[in-house]
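First subunit A sits with subunit B, and in the next complex the same chain sits with subunit C.
Let's look at the complex of A and B:
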């Protein structure tokens, strides 16, 4: 128990000042953790700072300017952000992005967990997971063509719905909002589920057997065993999967780009698509940057709120 | 023992039914890539063609796009960058969780913060600064950006994986006189084998399938990754290249990640991780 409390960095952060001072003294006295420990974290920090944070600062600057890619770049202050507030397309992009966040958390994450739990201790479980990983390796064109065949007017989804007597069999699924976003969320689930399943499998494998055996001896089984023992022990990797899904869904770009490019009109644009089109299609680099900053700030706040809660309140049970 | 979530038979049945649903779009891609180039009809795409066109499709794609030349570059990027990212991410996770950096959560958030930027936002700044730093159109430049973009994911997975490892192991090894690096290399890295493998294959596939940075930061045949060659071929699916040829090229290019999935299956067998310790 004692060691788990120590390995939990979040709990240390919440300690009273006295606790921190005590820890400082102890570290000076007995450098169990070594003197070089900041050296271990610095390659990661340096790479990320130079290649990802500096371009972000650049974009922050660009968002206060007006620039068309040619000619002079002029300082316009907050003008881009004022435009942002009154942009009707931004509103629909926000709505679509929220749909992606909700859909991604429900479908690929939950189904990925299901596949992982069903397969992780089956003999040859890897072969049962392979069909879910294959779509992740498919190229964008493959995804667009396959799902086009399924979703277009007179496509497989239409025929299927008519065959079982459900409405909606008349036209393409990619024509109107919000059903075009929902259809693409399903296609994205097809592509992403295997990734989540794989990460959950890693989590399930790292669960020690003793608590599970003990719970079994006490008579726990099935849903109770999962809910009370496996689920809490799986928490570290669940946080990874949900955290990544949250961030990735806010930045949804690729699959929308290959399937509808945000259309028809601008009805299926997500924030990342809006940003890309404003910047590179409409050549409004300043305004596109402002959209990028908006998206980045939202993503940053959301992931900070989620991870702060998850990583600091974790009851690290185990070993 | 009947105390599993469901019996083995039920679990297999559910997985097989779901797997078949998942394979259906893959099947559509396959039969479309297999048919002769001029016989693609979206409304009857699921009916396999009686004639096999795969080899001639691949041959046409190969000569039209010079995919061959860029395969080597892509392999280099997709192996080196994820390996570096796994190591750098594991080191960071180890420092934060096991060596208990002060303000560990802040350090972690700085690294994880690298994932919140939309990749499209990075293109202009990277293009301009790569040109100035002589990294534009170089293999080194591509490895550096792919490594940087892969590090946050690796650090996140490794950080959380290491929270599940008993701290007493670290203490015991340190009491025996092992250096912190030796503990990392001989205890923590081997323990994390399945996590590292998962991170590696996911990042290999990510780098392999990336188009954005390849298009923006490279120019010559010797540095361009394979996806750019594929995209040049596929971007005019609706104008020029017949769909079966584009899909056949896509299949060839998807082969390395698929092979990797197959080869690494055994690393995810039950019991390789902490369970046995």
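Let's look at the complex of A and C:
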């Protein structure tokens, strides 16, 4: 029906009740795309079902078992979830993940907004944003390797701080918690900031000129203009940027895995790292699956709560 | 378009998608009568050794007509996940490297690893393998896999640094401590330690040199990690850290580079560390040396020596089991092993092989054969996998916060208790 409506939007309204023969003729005359619409969509549906939903259901099942990755799988009911509740490493991983969520919202999003706003009205503003955007073209692993060299004990950061006479020349940035997580959040910010700035610029470009000009005529400028006019009008874009940052921070993996592997002594593990280590390093596939389900539920709930609140508040103001 | 037409269209599209997949499955499962392979793939977790494997591949092609291409992984976890997956799928390696101990028992219990009892029998009879290695490759009376390499764990040291301060390799624990103290007093960090993967090395060495029986009992679930002997070892390790004898565990620079540059004077490692030194163009006997770490406890009858032997394995349903077996049989012979040993500058499992140009390692090999040392399996292989996983993280945490040694031991003991509650202690 959707495709029919799209190809001929008025069709459904034109149809009179009754007249089965006429309806059949119309169906025969329908565009080819309408006839095979389920056929066209089924490969994609099948692909998603096979590659996403089936593995997910398998992971749910596996979370109720004890399985080493080799040999037999034993049904253990809720045992993995009971262990989860008393796992001190899980608590530490939750704490680190929350740090990532907070850090990601504060740094890449806020700084991205700042870069976008400051460079927006400048002549050749795009050139100012370019250096921030370039790191986004790098893979997470590449960024992690580069920042690992910078932040390791005796690395570039230590040498630079010593050379200019600042404290921190002998600091081990990646050794102690929580500063190892904070250091990695800074590395992640370096990569993410540019794309957030770009998204905010797109948002700024979509703001109509009239309300801004009207506010200026009323005497608003600077911070007041931003806070009262621009920021509320940027809300749809902010919802997207914050939502993406929220989900990305909850499933942080690559940068931590490459830089510290969650260590030393599991001190910088996020939930995604805990899931990976329990599954593939400790060979506890059942328990690792339980952590995966926990992470999925947390991400789902947080995303749902956030989007529900954002979308309903904008609906309320008629956005 | 009525409902049945729609269903038909959907089924048609799905069938178009599925046909290649089904065909793929059919072709994979129908490879029972594969032709004799002349080029094998050797999957391994020793990515840095790729050039040495390639040399062996060229040699085998010349000598037996079967070439070998290495597929090297550098990330241990990714490698193990791949091998684990190969047991459940049709993607089987021709040959692969593994570890002895619990992990070998684990894969053998699945019934998919090809038995090598006949190969061992032939090799021992021909003098190409020592019977002393056989127990580490034996599960339920049968042998599986063959030795890829054999390594003894000792201390590599920078000869220039030792020479500068008039130091010689220690033969007693008192001398060992004196060397460390002298180096420290001259501002040189004596020892290397790392919080990544090889976190067990100092625990293993100090415990083996203090109480080898306790070391073995710990690995087999007959002793507790919180027993007084283990606690005193952790206290000793703690004192080394507090005295400034250890390098910063967060440094990720390759230890061979640190040794070369004198950032540390000594690196405890397996003799395979020679390969890294060779790659840096360092000369054994001139730039660096190797000594066996003396026992902490001088009353022990023999010096404890940690050893490891990495297996080279094949599967019963490998793409061409006969070709894999033929390759392993060739691998054990003196000619190939001499090449393997010389190119890497490391020891061989074949007793006929001599290591030229490294007097220290050659002497150790002779002494081992003369029965001078009490050989103990490396902790990485000796500890059950879940206990090892906990211990590796716990030791890393200890290095960062040495005062937490008791809680670290309790963590490992909790993991050990959980493991041995479902496994027979002593196995």
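By our rule, the second predicted complex is superposed on the first by the 237 of 319 C-alpha atoms of A that agree within 3 Å, B and C clash if a C-alpha of one lies under 4 Å from a C-alpha of the other, contacts with A are read in each partner's own complex, and residues count from 1 in each chain.
The rule is short, and it goes like this: a contact is a pair of C-beta atoms (placed from the backbone, for glycine too) under 8 Å apart; a residue touches a chain by one contact, two chains touch by 3 or more.
Every value quoted in this text rests on a predicted model; they were computed, and no experiment measured them.
Note on subunit A: of its two partners subunit C and subunit B, the one contacting more of its residues is B. When the two structures are aligned on the shared chain, A:53 is found in touch with subunit B, with no touch to subunit C. In the superposition on chain A, A:154 makes contact with both subunit B and subunit C.
By the touch criterion defined above, A:263 lies against subunit C but remains apart from subunit B after alignment on the C-alpha atoms of chain A. By the touch criterion stated above, A:70 is placed in contact with subunit C alone, subunit B being left untouched.
In the superposition on chain A, contact is made by A:176 with subunit C only, not with subunit B.
In the superposed model, A:213 makes contact with neither subunit B nor subunit C. Once the two complexes are overlaid on the shared chain, A:40 sits against subunit B and subunit C alike. Within subunit A, the residues touched by subunit B in the first complex and by subunit C in the second are 34, 36, 38, 40, 43, 47, 148, 152, 154, 276, 280. Within the complex, the subunit A residues that touch subunit B are 3-4, 6-10, 12-13, 20, 23, 32-34, 36-38, 40-41, 43-45, 47-56, 58-59, 62, 111, 115, 117-122, 125-143, 145-150, 152, 154-156, 190, 193, 195, 198-199, 201-202, 205-209, 216, 220-223, 225-226, 233, 236-237, 239-240, 243-244, 247, 251, 253, 272, 275-276, 279-280, 285, 289, 292, 295-296, 299-300, 303-304, 307-308, 311-312, 314, 316, 318-319. Those residues of subunit B lying in contact with subunit A across their complex are 1-6, 8, 11-12, 14-16, 18-20, 22-23, 25-26, 28-29, 32, 42-43, 45-46, 88-89, 91-92, 94-105, 107-122, 124-126, 129, 144-145, 147-149, 151-153, 155-157, 160-168, 171, 174, 179-181, 184, 194-195, 198, 201-202, 205, 209, 211, 227, 230, 234, 237, 243, 246-247, 250-251, 253-254, 257-258, 261-262, 265-266, 268-275. Contact residues on subunit A toward subunit C in their complex (touch as defined above): 27, 30, 34-36, 38-40, 42-43, 46-47, 68-71, 148, 152-154, 172, 174-176, 261, 263-267, 276-277, 280-284. Of all residues in subunit C, only 1, 5-7, 9-10, 12-14, 16-17, 77, 80-81, 84, 87, 106-107, 109-110, 195-196, 248-253, 385-386, 389-390, 393-401 touch subunit A in the complex they form.
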